[in-house]
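In structure tokens below, several structures.
There are two complexes below, and they share chain A, which is joined by chain B in the first and by chain C in the second.
And now, the complex of A and B:
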């Protein structure tokens, strides 16, 4: 039982950066702009957040700075993809390379330093619920913030006029434009907001999870967030579920040895032992999110199209209004 | 009234711009990259002189440039050839890893004399990486699965799985996350200089092969046709299915070749960070060299000089090697901006209003 509670607790904390980044990516993609720069923006948020927190002595200032740098990097992507009609894939990969490069380049002064990060806030009573209580109600402010944003983003995207306009822009910008929807403005806003979420996710990593900065500390979480959006078929509640699923895999891989022994204890079939050992190896487990995403894509595309899967129809296409 | 920026679509591209664009792009990127250099107190002119003049003028430096250009050229072609068919292979890094793992495994375990061992390593590496590369091509051809996403996901699956292999099944005896050193017979021989392995002849061989494949064969014609107009190509009886699968097979094959040559020629053993993101720099290579195999080579050589010089800069002037990643990203950034400038003429005007801001709710 302590194993389950422990895994659950790390799942919740590991889920926050994924959740924030994936929600941001959904917002951007629903307006028709794919942003593969999530990894870079998260790294930017993690380093800037950490550096600003150390410099100012305030965690909140750090978190805001990390969020802002994510938004600023996304703005670059928006200029290239929306105004300059550049290839979204290339621009996004550029943004990741830029984020990895710049944060590694400028990180030297910060490596080895650590801070006292966001403290755990324990909700009385609720945190005493067995097993799930400590996991969900004894986490940091940023974890609560991530969870609280889920219904907010869902409401914004699926229950408001702005949300409908975003969907219209992502599905058919030409018609949306004719109907008077400010296509460019919406795409800019969604990409920048998405970047802010990714930056916030990165800042959570350095300010509330590791409490230090290390080059490439995001360690592929940005790419998993991109995968999550596809895995969740561009829907918020499925992203929440998918995030917990992927974060649970991550949490399990941290305790792979204990999980393996527990599984082998239950199974007790010598023939399966090497298979279980292989499948529950931490590195092998880290490939699951990627393989599962391909499997989901393959499974769904056998019957339908990406649009039926839930993808915005005009994703990856830059909208060009006759300008002269 | 505030000054506004207006964009006009160009009717035709001025001739000088078509030729000067790649060069101006690169110069712009190097110009912006001077900022982080100044930031850490390094004179950018001295740094660039080291990279572009001092480094390649010694035999050892030239050897490093050639051996770095090789994987960039091969991986660059692995992106460029599918791009000709209109597909993005952003998974060259993963295919490179697969080739390196398979080739190293054969090199460590097959007990063959050198004349047989090296070829079997190369063949095993290219065959398996071609199969791995074929997955996104097949998924795209058969089920219309987006090849960008699948090739990217397969890259991270491959690099992560390599991490597993290096901590378990193929881990060497030293206890590091690396294999044992390849036996002498499994390493590529060197010529002229101890760091110049004979694998660099692949620059010429593969270059000629790629040129002939794309411009002298029926397949090359079909690829270019399918890439420029898939519907018309299908009507003309060209199987886009075949094209999509084959370009990815060729791409995977070349990236895998780059991987095993890097291990057997440069490092002598496989470890986690054996590739300084060659597969991702390859995207910049293919973009910069979009108009022909020779240009892909020139782009690879540019990044090869940078990568090799970056190592020297790190040692002599204490510049973090991450500067190279920054320059690669900036080159892509300037390239995308240049594309736009090629398409549109930018005009600054006083007064008037921005058309895109009109019609707002």
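And now, the complex of A and C:
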């Protein structure tokens, strides 16, 4: 039982960066701009957040700094893709490579340091619900924040004037323009806001999960967030479900040894032992989120084209008035 | 307010795109309360001029005076605020959003009315929304102007006529005084077009001024008070619509005399050359597009297929050239069974094809005119007998095609990409390619849609030449005049079936229109005003 409770608790904490990054990517993509720089922006958020927290002594300052660096990196993407009409795929991958390179270079002094990260806040009574109580009601402020943002982002996108304008810009910028919607401002705002979410997700990793910095510590979560957006078909509630699914797999691999021992104890089948040992080998388990990403994309894409799944119709297209 | 009170005047307006002058020193005056026709061929600069007035393009030079004030519009929002609305030829609607959402898009309605300019109230207008106020306003407007729509329907569910009504409501919702309609009837069936004309009349009665762009002469005659003719980016003349004949207008528009009557010489019809029986196929989404249709075309005969697009015409054309797999049925060309054969077999059997979407399926738009001209003939000795292509021979062939079929805008056949030609010239290139091989059968889908008056004349003549040469022609069209002028026989297609067969002599525009839009024979009472009492 403790194993299940432990896995659940890690699931909730591991879900937060994925959730933040994927929500941010939904906001950007709904305005028609794909940003493949999520991984880089999360790395930037993780390192900057950690460094600022150590330097200032304040975790809140660190978190804000991490969020801001995500927004700043996204601004670069917006300038390139919205104003200069650069290829969104190339610019995004560039942003990720830039994030990996810069954080690896500048972080050398920070490797090996650790801080006391955001503390667990336990909600009385609710946290005593068996199994799930501790997982959901005994986590850090940032995990609560991530969950609280879900209804907020949903409301912004689906129940406000500006949310409808974002959808219109992402589907058909020319139509939006002729209706008097400020297309470029909307796209800039969405890309930058999306970057802030990714930066915040990265900062959560270093400030509330690991409590230290390690190069490339985001470990592909940014890419998983991009895949989650497709899996969620650009919808907020579905991204919440997808995030927990992936985080659970991630959490299992964190506790690979315990999972393996528990499984071998239950199965007690010498014939299968080597297979089980292989499948539950920590290194092998580390590949599961990525294998799952491939499997999920395979499954989703068999059901229809991106357009049929609900992708913004003008995703990847840059808009310019006088070019027909 | 005199009748000559101008609501809009444009002085010396020039719009240049790099080296191309789209509008050259244009003067235009629109009087308050009139219907002003803007006539010109494709590429004459009509849409560019209107996009400048709507704030989408910024003019290179010139003055725009609207409602007595000189204006310079930075964006469509400025034009809307000043009181100019525009309904574009390609509808500006977001399919996945509802009618109501499309109409209010950009207006940021709140429960307490619009924003008052303050930062806080601006933020509130962004982060809230209102549905009830706009809904009742839309309902009021649609009643007042007779524009019935369901505010909660999603736009993708609407047909073309309904979408157009939404577009007009969108402009009316913004309280415009001047409404620009860019080729409003281009995509409508004849009956929908009639309804559109009534709407325009209502708009003018309610005090609006309407500018409508067209290249159809009879529409000017029907609707416009005054007409301005543009040609090659320049204004030719503005005249009262009553004082000018269609022939005069055509000449001003094209720059030369245009023949309206096609010389259709009698041709004796020969043996069946295309025989298709019981064809059943699905469309791209897997639903039934054709449910067991039969069609036969004889040598020297033009069979016109009438119908509103989307009733199975595209699938019919594609199955007759072997492109779309048959679920059932048989096809024979010149007596030879080609059921289930590949497109190549159809090409070799002498079937030529002019597709509906000429930029996508009619040519490889990035490749040169030469490559496109030779794409169906390069195997037939054009490039020598070996595996190599003789580009000199191919260029010569292409040059010949370009001059015989009067394809304009080609600098060097090896260098000019086919996609850069205008619609009419590309169509002439495609027709040339398909006809030069002396086909047994020609399948042409919407051969003149979106093509200039001058080119239309050429294209129709080319099809008649094929008929004289003994080719069996199957022509799919939505243009009633074309069907009546060119065809020997007409089949009306509705919902994947032929619902009516007739000849031009036995039918008229009205009857065809009714079959096309309802799929059944018109009842006599619908025609009450013109039928004689029994």
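Note that the second predicted complex is superposed on the first by the 273 of 324 C-alpha atoms of A that agree within 3 Å, B and C clash if a C-alpha of one lies under 4 Å from a C-alpha of the other, contacts with A are read in each partner's own complex, and residues count from 1 in each chain.
One rule holds in what follows: a residue touches a chain if its C-beta (ideal position, glycine included) is under 8 Å from a C-beta of that chain, and two chains touch if they have at least 3 such contacts.
Because the structure is predicted, anything quoted here is derived from the model rather than measured.
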Between chain B and chain C, more extensive residue contact with chain A: B
First (chain B), second (chain C), both or neither touched by A:159: second
Contacts of A:98 with chain B and chain C, given as first, second, both or neither: first
Partner chain(s) touched by A:121 [first = chain B, second = chain C, both, neither]: neither
Contacts of A:298 with chain B and chain C, given as first, second, both or neither: first
Contacts of A:89 with chain B and chain C, given as first, second, both or neither: first
Which of chain B and chain C A:272 touches, first, second, both or neither: neither
Partner chain(s) touched by A:223 [first = chain B, second = chain C, both, neither]: first
Touching partner for A:176 - first (chain B), second (chain C), both, neither: second
Contact residues of chain A, present in both the chain B and the chain C interface: 165, 177, 180-182, 321
Sites on chain A touched by chain B in the complex: 36, 76, 80, 83-87, 89-91, 93-95, 97-98, 100-102, 104-106, 108, 165, 177, 180-182, 184-185, 215, 220, 223, 226-227, 230, 281, 283-284, 286-287, 290-291, 293-294, 297-298, 301-302, 305-306, 321, 323-324
Chain A - residues contacting chain C, complex: 156, 159-162, 164-165, 167-168, 171-172, 174-182, 313, 321-322
Contact footprint of chain A on chain C as seen in their complex: 17, 54, 56-58, 75-77, 80, 86, 88, 92-97, 101-102, 105-110, 125-129, 170
Of all residues in chain B, those that touch chain A in their complex: 6-9, 36, 39, 88, 90, 139, 143-146, 148-150, 152-154, 156-157, 160-161, 163-164, 167-168, 277, 280, 283, 287, 320, 322-330, 332-333, 336-337, 339-340, 343-344, 355-357, 359-361
